[in-house]
Amino acid sequence: MSMSIIAARDLDLTFQTNDGPVHALKGVDLDIAKGDFVSFIGPSGCGKTTFLRCMADLETPTGGSITVNGVSAEEARKSRAYGYVFQAAGLYPWRTIGRNVSLPLEIMGYDKADIRARVARVLELVDLAGFEKKFPWQLSGGMQQRASIARALAFDADILLMDEPFGALDEIVRDHLNEQLLKLWDRTNKTIAFVTHSIPEAVYLSTRIVVMSPRPGRITDVIESTLPRNRPLDIRDTPEFLEIAHRVREGLRAGHAYEG
Amino acid sequence: MTRNALPILTIVAAIFVLWYAAAVWLNAAWAYDRAGRAGVELSYTEMVADTWAQDKPKLPAPHQVAVELWETTVEKNITSKRSLIYHSWITLSATLLGFAMGTALGIALAVGIVYNRVMDMSVMPWVIASQTIPILAIAPMIIVVLNAVGISGLLPKALISMYLSFFPVVVGMVKGLRSPGVMQLDQMKTWNASSGQTFWTLRLPSSMPYLFTSMKVAMAASLVGAIVGELPTGAVAGLGARLLAGSYYGQTIQIWSALLMAAALAAVLVSGIGLIQRIVLKRMGMA
Amino acid sequence: MGWVLAGLVAWALGWLANVWLARLPKSRATGLAVPVIFGITLLVMWECFVRGLDVPSVILPPPSAIAARFAISTGILWQDFVQTVIKGALSGYVMGCGAAFLIAVAIDRFPFLQRGLLPVGNFVAALPIIGMAPILVMWFGFDWQSKAAVVVVMVFFPMLVNTVQGLQASERMQRDLMRTYGSSYWQTLLKLRLPAAMPFIFNGLKIATTLALIGAIVAEFFGSPIKGMGFRISTSVGQLALDLVWAEIVVAAIAGSAFYGGVALLEKAVTFWHPSQRGRA
Amino acid sequence: DEVTLQLKWVTQAQFAGYYVAQDKGFYDEEGLDVTIKPGGPDIAPTQVIAGGGADVMVDWMPAALAAREKGLPLVNIAQPFKSSGMMLTCRKDSGVATTDDLPGKTLGVWFFGNEFPFLSWMSQLGIPTDGSDEGVTVLKQGFNVDPLIQNQAACISTMTYNEYWQVIDAGFTPEDLVVFKYEDQGVATLEDGLYVLEDNLDDPDFVDRMELFVRASMKGWKYAQENPDEAAEIVLDNDATGAQTEEHQKRMMGEIAKLTAGSNGALDPEDYERTVQSLLAGGSDPVITQEPEGAWTHAITDKALN
Amino acid sequence: MSMSIIAARDLDLTFQTNDGPVHALKGVDLDIAKGDFVSFIGPSGCGKTTFLRCMADLETPTGGSITVNGVSAEEARKSRAYGYVFQAAGLYPWRTIGRNVSLPLEIMGYDKADIRARVARVLELVDLAGFEKKFPWQLSGGMQQRASIARALAFDADILLMDEPFGALDEIVRDHLNEQLLKLWDRTNKTIAFVTHSIPEAVYLSTRIVVMSPRPGRITDVIESTLPRNRPLDIRDTPEFLEIAHRVREGLRAGHAYEG
């Protein structure tokens, strides 16, 4: 067994709210190996974001343990082991798009010329070249989302934690970015944890798909992908792909209340 | 600017009308009182004319104040002790120094409170308590003590200004520095930003609306502090000394002109902060 | 020298105790203990330095003398408290904050007023109390009414500025939402802009608490009946009864802190949703 | 040699002697460098001198004796003012004609250490000051004569040389007013004397400086009495607020001259005794409770004036 | 021709920004008839949101005209002609979920009992029953989005303007809500303008699909659906459906820069 980059053992997390506790995560076990691309899928409110936040040391589990890169999540965060894309764009309203993207680079102490080059490169990647000088509220919802993706890609973290990064994007851009992300992953051998609501997206991107279910939030299924590492877009029409997608859909449906 | 002219003029005109009316109302009693003692019968117009031209009226009419202002600003050499400009300058210098120190102290305390748990838990109640000490009561002692250790002149006055002005800044900045949302703070955490970095790139920018609002209040407070501070230094010069001397001799016209001068000073200073606020917020894309 | 040394030791001990307490998990007890220890440390240092450096008691009496005086003067202190805090400060606070609030809403409602009244308002409200107080005493008489009037003038401006700023604090999308409901001005005000303004409004209310107290006390320097905290302070300074002066200041500090604390509690209840409150359970 | 003098009140003709001495170079002649610190409504000269902010101060004897009993050992070293300028000024239309009419009326009184003469007068008259029906209602009077003009009080405290004239200036005629001079009521207390801390008198060097200071100051007072108009001009020149008027200062100088007349600068022990007795006689709440000792000295004036 | 509920004529909208004007809409012509279900699809930043905001009188066009219900957009807004779902949830943090949903009802003056009943019904509809007392920040992203949908459905507007309402939802919930929305539309004969990024969603829901293209934002294609009004979920596997989806995809691709 290869070394686990992320290892969760019997993870529990309960929120205390004004009307009683909410079990966001219960008994979650998972290992993510170096170079894995793991997607998380599950009904809204099942704890995907919460789990990702535990990996990022943004939430403290109320039970169990989690390690990242073999050390505690906190140490991993402090060594800047990962880049995180939040579910909402969360750009700073007082900074232009360009300066929003350069912010983590400034914080990590990259030099000026390097910052400029990286910002230009990632904005190009998400198709926002030319919007560098705009303020966030001058951008459409999808453009803001892309800016926030660019921000997480601008520095070279070995681990990427992405919470529905492509939710607000149309199919064509999404396909494009899916391809780009796969290329990046293939080239750099990053480890990626990826939350999505789209079954085809999960299947297309991942080496493993984790299906979760709510109340309490837990893992109900882990599906290994048999697809090759190199994936052209039209792999999505192969029977193998459809077969995996079907299994994911079944797993997902099991976690839902309605029959439909 | 021209857009604002009409509303301001309207309001100012309204105030003048009210003011003249109030002058009649407040000063009439004295007019009748004096006429009665002199045994003359006053007609209504005579009474009105009298109320607008008394020597020591309860409320001087606007033109009386205007004339006094004109005589003590334009017609006096600005180095003369009878020039309001001279006195304003004395007060202004203490105000500005006190404001600068107060703002700096306020921000420093707010940063301490937001970042340091010990300070968070211990300082705030005492900062509040400090503000409930009636400064006018201890100002003389402060001045005496400072004098004893050899500090005199501008600094004691500025210290009293500071004492009054740091409080609004602390209160506003503690709120402002804590106003970033959970997600924005989390983002900083994911980059393992140092507290300094989080401060400069997130907390400080988010606190800007609070900072400027507090600074406006602090500026007004600082002016009050400078004026209060002038009294126990012997009230020798400055707008506070003018106010005091005026009220000691019942010179209402002189009180009002010093008062209006102080208010004008405050208005200029406060709108100066407003201007900076607009420029800064605009550059931050927030206006 | 011994006393000075003792003062320094007290400072070190207090600091250490607080650092230790602050590391403990946050609870009601530590939340209370830390400021209390801080305060006690301050008092002990004060006592030690006053004794150690031989400061004359007509300049600064030691806390022990103040406490003794406090204990024997509770009758006077209570009478002064009622006169100044209850009658003067509180009534002025309510009227001043209320008026500022209403005017802020009016300013916000009519852009005409906003452009006209706000600059003029800045001007009027910056009238220094030293000048205002004698005039207001002349207008409203010697008793608490003139003190309340001074307080009204003092608290007006901070409250106005904060409320006006707060009323502009709602977000674009939140306002758009109200527009889609064809919501009337008053509905938007009540359901969106006022709640969004609350953090600012409470800022103003908090600053105004201490200003109200200062205003009521200071106003008494310019003429008063022969009771009230300001009267007692100025008279006692003249009589060199500094222990009574400080006993009055202690009353002012306690009243002010309680007043402020009450407003802060209310704030916590009303703006529980604001990140500045939410972050610190 | 440096000397710092703390005045009891703002720069005005009440303190003309000191300003004249400075302006005419009398201090220089004695080799003194004198700093005159004006007072004001918030300045307790006793506190300033206790804090080391001044070497010598001008204050009224009741305040100085009360401070002495509080543990601040002040000593009178010279007494340029012979008579008291204090009086109670009443509106005739308020129905006050004699002291018997006072009960039930509202009176304005200066506090901040200036209330002692009034309180001892009232207790000698047997009028309570607690606002009861048979007593008077006391107001803490502010800086000016407004309470009388606005009819908020029946009587207010005034000085012969200052507030009284403000009332006149405000449009009252002397016939509209009834005045009770403390001198006439037999309750006069000594005003404007020079006081220093007792400990300092052990220092021969300090005593020397005071001797020079008192000599030059009395020369100033003499000059001021002889040249009242010039003295008033000098006071005006030294008024940093620029708020005083020439007319008022000249008139004040005239009145002040009447109060200083009869004093060569040395304290008259008889006046002192009268003041002490008046303060001790305060009924249930006297200003001082025991006969002070060592509260004055002729040591300085003896040397300075001979 | 039936009466136009929404009619845009030669609509132009230019934003002035710190670095020059942005042509968000240019020469847009469109008629939406009573009972239409019109989807808008197009690359991110092409002006979909802006167009919807013009209909809602939240933006003032810089050229051309727009009428809603035969009157100006402003009058329509004031007569509360429509419900609007924003791209981001935009819940008020000081109100619980239940009170967020009841907000428009309070404003429109519904009586207390009615409000309670309606809130319960729409929260049930979006599967948030039981979360009434929670505050927005205690909910996951998808749950917030659903609360905002519930808020717009709580009152009976004849027109619904929905800006990517289902963007943050997983496939199963999305299918469920798609069905519910169709049912509602069928039952009440509402007119719906609907922005989406999902081609299948657009085809499944709409009577007409408007394809837009950016810089400047304009309409490039309007595709009439030939599907019947009554649509079971598995209509998505019919050749007719796939044919329409294909046409939309082609239209969409034409508006994009990249070939892929």
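Chains here go by letter, A, B, C, D and E, matching the order in which they are written, and residues are numbered from 1 within each.
Everything that follows uses one rule, which is that contacts are C-beta pairs under 8 Å (C-beta built on N, C-alpha and C of every residue); 3 or more make two chains touch, one makes a residue touch a chain.
From a predicted model like this one, the values you see are computed outputs, not experimental measurements.
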> Which chains share more C-beta contacts than any other pair?
Replying inline: B-C
> When the centre of a chain is set as the mean of its C-alpha atoms, what distance in Å lies between chain D and chain E?
Replying inline: 86
> Where the CA atoms of chain B average out and where those of chain C average out, how many Å apart are those spots?
Replying inline: 17
>> Between chain B and chain D, what distance separates the C-alpha centroids? Give it in angstrom.
In response: 35
>> Counting only residues that touch at least two other chains, what does the list for chain A look like?
In response: 88, 135, 137
> Tell me, which residues of chain B touch at least two other chains?
Replying inline: 58, 136, 140-141, 144-145, 181-182, 231, 244, 247, 285
>> Multi-chain contacts only, two chains or more: what residues does chain C have there?
In response: 59, 134, 138, 221-222, 234, 237, 274, 278
>> Following the definition at the start, I'd like every touching pair of chains, please.
In response: A-B, A-E, B-C, B-D, C-D, C-E
> Which residues of chain B touch chain A in their complex?
Replying inline: 181, 183-184, 186-194, 197, 201-202, 205, 208, 284-286
> Which residues, counting only chain D, touch chain B once they are in their complex?
Replying inline: 10-11, 37-44, 47-48, 51-53, 142-146, 149-150, 166, 169-173, 176, 239-244, 248
> Which of the residues in chain A come into contact with chain B in the complex?
Replying inline: 53, 56-58, 77-80, 82-84, 86, 88, 90, 92-96, 103-104, 106-108, 135-137
>> Please output the residues of chain B touching chain D within their complex, sorted ascending.
In response: 30, 34, 37, 55-56, 58, 80-83, 87, 136, 139-141, 144-145, 147-148, 231-232, 234-237, 241-242, 244-251, 254
>> Residue numbers of chain D touching chain C in their complex, please.
In response: 41-42, 44, 46-47, 50-51, 63, 66-67, 70-72, 111-115, 129, 131, 137-144, 146-147, 150, 152
